[in-house]
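Scrolling down, you'll hit the structures one after another.
Two complexes are shown next, each including chain A; its partner changes from chain B in the first to chain C in the second.
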Partner chain A sequence: MIYEEVITLKTSRILICISRLLYPFMLLFGFYIIINGHTSPGGGFQGGAILATAILITYFIDPDRITNLNLLIKIEKVLFILILVIGSISFFTKNVFFTNFISIESSTTYKKIFLIALNFFIGIKVALGLVTVFSTFIKEGRS
Partner chain B sequence: MNAMIIADSLQILLIIIAAVIVISKDNLQMVVFFAVFSLVTASLYYFNQAPDVALAEVAIGSAIMPLIFIISISRQREFIVISHVNDEFLSNHTYKIGKGYELLSEFTRHYGLKLKIYKSELGSLKGIFRSRNVDLIVEKCPSTHRYLLKGKESSILMNKLEQMTENEPLIEVIKIREGETDD
Partner chain C sequence: MIKKIALVLMLIAILITFSLTIQESKEYLDCFSKDYFVSKTFRETGSKNIVTGIYLDYRLFDSIFEAGILLVVVSGIIFMSKKDEEVL
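What follows is the complex of A and B.
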């Protein structure tokens, strides 16, 4: 029957093995997309979604791995404030909000620091948010 | 020119897959086609010079959404019973199978559901929407010694359960309106 397939899907050994093999590469790919977001396709949101998929795959390996959801939500809130702060640094250097805080005359090597930092924090925030939503969905109704 | 032909054939494939999703009756098959739909859409985005959107579509459309669907489908196939009874009415030991357990397992097998019985004292229920998730509550009436099966009035399954227990003198099915099952 179909419902038995759904239930055995979680405990299938092949799936667990493949997930273990795939997990580090997915993490690597997600971070690659986030960190190269300013020059190549992708960016914070896309890389964050891939990171979230990688973390969610660990539910196949070990369902009880993520236990402390409140901590995840707290980190997400802190990251949100951090993103706002990074955006506001330019007020002290250029007297304008939400622009690059490094002056225009400097070379691109320094100017891209702003983009990389924003992409990185946005990526982690998106990943944490998706993991939180998904974990509440899985744990809803279970003790 | 070559890329144009590929993009056109992908669009035709997309229409076919969308029709299959609408027509298909099997939920699991539908989820798999949904993932394929997202993959084809992502490759179409790529052909139309939007690799950014394609990445997001692959990550969300073909990985996270099917996972959510599969989990909700597997959740749908459970029949959750909360028991407030202390005797062997619901026991499932191999040497003494309770009458209620026999009845409920036959009932759930008929619909292809998975029976889950939780024994509970008040206050041990955890989870966010725990109390709304219960399908059936089993109690024993202290005065008449009959077993009361309480379920939602809106559930179609309750009619079938009422039919099955018509001939049992000790069992009574009570239908409760929505919102009163929070115990």
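What follows is the complex of A and C.
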């Protein structure tokens, strides 16, 4: 009952309207920073934090939203294993762990594939982690 | 009172040691690694952003374990938030 009063106090119409307006642009900006991490400032960790903020702003729009925490952390584990596998491919091509799996003499356009892939997976993993932490706190506050 | 005096003495000791180490390390400073990364990062890793080139190619194990630490933290927070009946 106290929770409902707090919610009605904190969600004004102007805030909800601005959040709805900003949400797609924040998602776009996060993905832009992740995918252009190798040419401009930014990268996986920073872009992931922006993505997490964009997803968490939906709690302003719909305060009663329920997220499935088990699914989120399952996806995060799979992504972590995927990052480890991509990092370990270089053992078969170069005999060294955790470097670029494309040989060092090839042109820079092919080497970018590795950077973009790793930045993308790290960004999504960081975003899921932050969303999970914040959703856990919100779930604790409700119960 | 004794605790506060001990704290101030500790802080002064830390300040003196830090300033001494900074003065000593000025003699051994060289720009070898900086020159290396500035001149060779784009050719070796294909990234114009040197920071990305370092944390995704030269020091990839560092960022992989950083991602692992985040996973462990999230698992710990979820474990602590559950009630005792749900865990057992």
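Points worth noting:
To be clear about the criterion, the second predicted complex is superposed on the first by the 129 of 143 C-alpha atoms of A that agree within 3 Å, B and C clash if a C-alpha of one lies under 4 Å from a C-alpha of the other, contacts with A are read in each partner's own complex, and residues count from 1 in each chain.
Quick note on the criterion: a residue touches a chain if its C-beta (ideal position, glycine included) is under 8 Å from a C-beta of that chain, and two chains touch if they have at least 3 such contacts.
Everything numeric in this text was worked out from a predicted model, so none of it was measured.
In the superposition on chain A, A:Thr99 makes contact with chain C only, while chain B stays out of contact range. In the superposition on chain A, contact is made by A:Ile122 with chain C only, not with chain B. Judged by the touch definition given at the top, the superposed model places A:Leu69 against chain C, while chain B stays out of reach. Within the superposed three-chain model, A:Gly43 lies in touch with chain B and with chain C [touch as defined at top]. After superposition on the shared chain, chain A has more residues touched by C, the comparison being chain B against chain C.
Of the two partner chains, chain B is the only one that A:Ala52 touches; chain C does not reach it. Once chain A of one complex is fitted onto chain A of the other, the partner contacts of A:Thr132 are limited to chain C, with no touch recorded for chain B. In the superposed model, A:Gly87 makes contact with chain C only, not with chain B.
After overlaying the two complexes on the shared chain, residue contacts for A:Ile34 are found with neither chain B nor chain C. Contacts of A:Thr109 after superposition on the shared chain: chain C is touched, whereas chain B is not.
Across the two superposed structures, the residue set of chain A contacted by chain B and also by chain C is 41-43, 45, 136-137, 139-140. Chain contact summary for the complex, chain B toward chain A: residues 26, 28, 51-52, 54-56, 59-60, 63-64, 67-68, 70-75, 77, 80, 112-114, 126-130, 133.
If you check the complex, the residues on chain A that touch chain C are 37-45, 69, 73, 76-77, 80, 83-84, 87, 97-100, 104, 108-112, 114-115, 118-119, 122, 125-126, 129, 132-133, 136-137, 139-140.
Every residue of chain A that touches chain B in the complex is listed here, in rising order: 1-3, 5-7, 9, 33, 41-43, 45-46, 49-50, 52-53, 56, 130, 134, 136-143.
Interface residues of chain C facing chain A in the complex, by the touch rule stated above, are 42-49, 51-53, 55-58, 60-61, 63-64, 66-68, 70-71, 73-75, 77-78, 81.
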